[in-house]
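Which chain is which? They are A, B, C, D, E and F, in the order written, and residues in each are numbered from 1.
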């Protein structure tokens, strides 16, 4: 169990499939929570915003990163924040920001600004993935 | 002008924003066509499938890769083929393949199999981007 | 200070490492293990157990393997944490 | 045979290059120019004019610059074309 | 001259070279190279498949992909001959590795110069 | 011991180190590092910004981004001080480069050992 009250904020900068960073971050989150550490938020930046796409179609016998993020949120309340600017450029768009009816980001993924991430860092320890 | 009847088939394997490969491929296509060479098709594989997303939102003063692909097709009839398997995993989904109403691939981008690409290579010269 | 190395290129750590640095090898970082041990014999070097075994590397090597929980605990104790990727 | 190098790491071409290889430097490949000229002084080495100037590199160097059309023409004449990326 | 070169190439069998250069799991490249080989072979294109650089780690016999929720890459690769991809090579490097069982995978170790010839004589080379 | 370390750190100003390591245009990383610096500074976080590796090419004065339909990276970077990012460093390497005008950009050349200290004493380090 955690001997101090460290909280972590994770930033994920790579897309699933083109890296294993999301998976490493998920292992980190689970092990942290199991030991009583808090995960302040997971922030998706650069190509990491692809994690938020609800359109990812994974074979039933393959690990489903999107589903794993949803479960982390549902079971542990971890906030999943997506950098709006980085996301829009890469075609990662919530219903609110949709231009033509189509979108690919649903809650619990939330679109926020970079400032939200840096504000979290003032009270937690950052780990980059 | 082209002194032979070489046709090219391009394969694009990187996403826009996380590389400039799409842009290099577009310059190649334009210069080839200007000299009378044919572009048999552009095939999008690996992270290159992200090129096909209609949800990409680019600032008005930035180069719009998606729009440039559309123009290449409209003006020159170049076929834009997306590897279905690589695309689905990465959340690049046409209306036909949509599971929940949302999609992000429209014509002229077409979802095809890898065999389509290799068939094209038997009668054209491959260039990887 | 902790360096998390995600790349097989050992030289990526050269700009950052000092005598007190702890190195944690993650993903392709595990392939850099031999080179880092040779070049920085005095540094504290760990690899993620999970990634090490996934890669199928030998276990008789002077690099300590970390469970996910040990990894997190290590991260809770040292600062800052620098991640080096390709 | 043509090698299209998209990476700044000159060593990426070592496994592929032979005496008749033509090297075309694209994107970050332009930064590998000096190293490749040093290591392979006898090879035919080009860089894309566009990428070279975008990078702001010196023009007084023994590497010929190619317009887009010259690049395509070169590709039409040689085979195969191998692209090396990061 | 051009005709002569073309006809001298005809003595070689026409083939595509697929060069896998990345480790088994950190990106999708190893898998993408494998699937490309199947896709080409599927329509009757002759494929030669070469592992180089970090791709040698795809061949490590002790890999435990289940630790990271993946399918064993070596097992997938061992199906290549079933799909008529039979010319499989590993670019030999200075460090010979006991962790690779080239024999059971029917992989040919290839010297640097021979690899360069294999590239030069391919109709297409794809690097993943 | 722990308390002592914490209090000895208090003599340093708390800062985030953003380390830009890629070339200006081939990926979005140069831009992402820049925008991260603005985002942090925007909420009053002290930022130190260090160019290393290929990122030195972001500082080349002769770059012509218009050739590839981009905005000049050096011009964007030169706005950092306007956003109160004023501690800007270039990790000095063996090859000193005449193509960089460190003076007009008010960039401090930093030696390898000093860079390591800068990392060690940062509250957070982000590498792009």
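Definition applied: a residue touches a chain if its C-beta (ideal position, glycine included) is under 8 Å from a C-beta of that chain, and two chains touch if they have at least 3 such contacts.
Values in this document were obtained by computation on a predicted structure and should not be read as measured data.
K.L.:
Hop across touching chains from chain C and tell me the fewest hops that reach chain E.
P.N.:
Between chain C and chain E, the shortest chain-hopping route counts 1.
K.L.:
Which neighbours do chain C and chain D have in common?
P.N.:
Intersection of chain C and chain D contact lists gives E, F.
K.L.:
Farthest chain from chain F, going by mean C-alpha coordinates, please.
P.N.:
It is E.
K.L.:
Which chain's mean C-alpha position is the greatest distance from chain B's?
P.N.:
C
K.L.:
Using Cα averages as centroids, what's the distance between chain B and chain E in whole Å?
P.N.:
Each chain reduced to its C-alpha mean, chain B and chain E end up 26 Å apart.
K.L.:
Residues of chain E that touch two or more other chains: which are they?
P.N.:
Touching at least two other chains: 25-26, 28, 68, 70, 123-124, 127.
K.L.:
Going by the contact rule already set, what residues in chain D reach two or more other chains?
P.N.:
Where chain D meets two or more other chains at a single residue, that happens at 6, 27, 50-51, 79-83, 85.
K.L.:
At least two other chains touched by the same residue of chain B: list those residues.
P.N.:
13, 17-20, 46, 89, 125-126, 128
K.L.:
Got a list of which chains touch which?
P.N.:
Contact pairs between chains: A-B, A-C, A-E, A-F, B-D, B-E, B-F, C-E, C-F, D-E, D-F.
K.L.:
With touch defined as at the start, can you tell me which chain F residues reach chain B in the complex?
P.N.:
Touching chain B from chain F are residues 25-28, 68-71.
K.L.:
State the interface residues of chain C toward chain F in the complex, per the touch definition above.
P.N.:
Touching chain F: residues 1, 15-18, 20, 79-85 of chain C.
K.L.:
Could you pull out which chain A residues touch chain B in their complex?
P.N.:
Within the complex, chain A contacts chain B at residues 15-18, 46-47, 50, 53-58, 88-93, 97-100, 102-104.
K.L.:
In the complex of these two chains, what residues of chain C are touching chain A?
P.N.:
Against chain A, the touching part of chain C is residues 4, 6, 26-27, 48, 50-51, 67-69, 71-73, 75-76, 79-83, 85.
K.L.:
Report the residues of chain B in contact with chain F in the complex, numbered from low to high.
P.N.:
Interface residues on chain B, with respect to chain F: 17-20, 23, 61-63.
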